[in-house]
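Below, chain A partners chain B and then partners chain C, in two separate complexes.
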Partner chain A sequence: MKNAYLNFAQMITGIMVAVLLFIHIAVQKLGVILSFLGFKISDPLAFNSMMERARQGLWAGIYICLLAFGLFHALNGLRNILLETGLSPAKMRTLTWLIIIFGLIFFALGTYVPLVLLTT
Partner chain B sequence: MADNRPRENSLGIAGWVWAGNYTLERYLYLLHRVTGLGLILFGIFHLTATTIFRVQGEAVWNATMEFLNNPVFMVGEFLVVTAFAFHALNGLRLILQELGFTLGKPVPPIYPFKDAIRRKRLWTLVTLAAVMVLVVFFFIDFAAGGPG
Partner chain C sequence: MSGDAVKNIIFRVQRYNPEKDERPHFEEFTVPVKHGTTVLEGLLYIKENLDSSLAFRTSCRMGICGSCGMLVNNNPHLACHTQVEEFHSNKLTLKPLPNLPIIKDLVPDLTTLFEKHRSVKPYIIRPDEEEMEKPAAEFTQKQKELDEFLQFTYCIKCGLCIAACPTSASDKKFLGPQALGQAFRYCADSRDAGQDQRLAIVDAEHGLWNCHFAAACSEACPKGVDPAFAIQLLRRRVVGSAIGAAKAHTPAGVVAPQTETRAKVPVPEFTVKPK
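Now for the complex of A and B:
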């Protein structure tokens, strides 16, 4: 039953990641097409442009949501693949905890930096 | 207590690629898995660059961008975007299928009938076409140098 809930969460987070990541990639990588459509984006990788976005709560929110949904989707997907390798339940439990700890460390790191930049 | 362990995959990773009579959808499943693993690998590098190197100020950020601004990383980035386009749209197809949206009207199984996979084949081809369109958009930007 637990895996059924995880599978459902995998679908929901997948949709969220697809939407948020498309916004992220469009702003970073679709400059030529977006400017053709009337949206002017000035060099999104320049430090000033990056900091300007980092100081807006909306962008910080988008990045943190993307991180949370993305980490869950990625690590749960990785666990699904590992489940197929036929490891013993005890080893699988250890691996699951390692994956959770890895996810929490990256979530802490990826949340801390946008929050710091938001206030600088 | 029931044994919840999955059936042993005796072919190992080789069985991902070939176990005889695989359909188009089975290869898309393999590609979904490979692109997923690739995106995780990229995600780890990307998260490191956008946290540890971003928070240290303008000089470190500019040096990082300077280091990443070469043809190898640019092509790699385009491949990542392609992998994302495929993984996202194929994932959407899988979700629609799992929730039953692509089943169509029930038909009596009178010979010659189509099996479930072939009845959903049109959706698969539409997904692949949408991936192609998205990749072409990204390629236009990539070829034009893009903003980054």
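Now for the complex of A and C:
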């Protein structure tokens, strides 16, 4: 049953990563896209533009979600690959916890800066 | 090759007798081959004319019994269903199916295949045991309901899918494409009510989550069954059941017994009547 939930979560996070990455890339290339259509905007990749977006709750939320979904998708995929190496259930449990701790550390590191920017 | 022209082909056969040999070795035999000669006919030629001690399994010679599965040039094939010409080579290498123990030469031990097959309860399970034991009538099934699982009923349990499966190669306890395909076949049967029992078996360690969809099983199947697809459909059922999105299913009922029988066609006068 646990694997069924994990598989379902893997599917959902995969879809969410695709959607959020599309938004991320579209915004990064927004200047190019709009100039193609004859509109001029300030460069979305410029430092000031990035800082402005980082201080908005919506954008910080999008990037934190992208990080969370991406980490889950990648680390659960890694766990699935390791599952096939034939490790004993006890070793697999240890490995699963190591992966969870690894993921949480990366999530904390990744969310620190956006949270600080939001609150200052 | 055309007509009755005969060409000599070398059959390089893996030999192994666990009682005598420490490890498998190869022996070469020259076999005269005509247009349409199958690999099995080549092996029968060796058995009858060159070395009667060669061991291989065969029965129906028409791709139905699933006895003669083996590796031909490192790909799983039914020997009776494979013509020598298909390989466009003067040399064929024959080995027993991998991922299964060897009894002798080209004869694999299929015990684990049948144990795994049996473990997924490959039969109709219904709550009405009385009807199952003493059937009063037939169960109803529409063509559309039959089509959902029909292709999976063609499995002949030859073991080629297990030989091709990379997960079966690395995990000997993995249920394998054959058993998982059959688990789906019975879960999808509209007459069955045993899905929960089977899902509990396949959604476990060494079960359907270990498949990583290489789909080599579907490529190898000589009957056109697609076990990789069955595993994906089975996963959908497991996830649906786990998140409570499974479709409610009531097993098909029985057809009401006929109350009127149609009049029999009258026997023509000139027919010899039974005494």
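Methods note: the second predicted complex is superposed on the first by the 109 of 120 C-alpha atoms of A that agree within 3 Å, B and C clash if a C-alpha of one lies under 4 Å from a C-alpha of the other, contacts with A are read in each partner's own complex, and residues count from 1 in each chain.
Keep in mind that, in the parts below, contacts are C-beta pairs under 8 Å (C-beta built on N, C-alpha and C of every residue); 3 or more make two chains touch, one makes a residue touch a chain.
Fair warning: this is a prediction, and the values are worked out from it, not measured in the lab.
After overlaying the two complexes on the shared chain, residue contacts for A:50 are found with chain B alone; chain C is out of touch. More residues of chain A lie in contact with B than with the other chain of the pair chain B and chain C. Within the superposed three-chain model, A:4 lies in touch with chain C and out of touch with chain B [touch as defined at top].
Touch criterion not met for A:108: it reaches neither chain B nor chain C.
When both complexes are overlaid on chain A, the residue A:32 reaches chain B alone and has no touch with chain C. Using the contact criterion defined above for the overlaid structures, shared-chain residue A:83 touches chain B and also reaches chain C. In the superposition on the C-alpha atoms of chain A, the part of chain A touched by chain B in one complex and by chain C in the other spans residues 83-86, 89. Chain contact summary for the complex, chain B toward chain A: residues 4-6, 8-9, 33, 36-37, 39-40, 43-44, 47, 50-52, 54-55, 58, 61-62, 65, 77, 81, 84, 88, 91-92, 95, 98, 137-138, 140-142, 144-148. Looking at the complex, you find that chain A touches chain B at residues 11, 14-15, 17-18, 21-22, 25, 28-33, 41-45, 47, 50, 54, 67, 70, 74, 77-78, 81, 83-86, 88-89, 106, 109-110, 112-113, 116-117. Residues 167, 170-171, 203, 205, 209-210, 212, 235, 238-239, 241-243 of chain C are the ones touching chain A in the complex. Across the complex, chain C is touched by residues 1, 3-5, 7-8, 80, 83-86, 89 of chain A.
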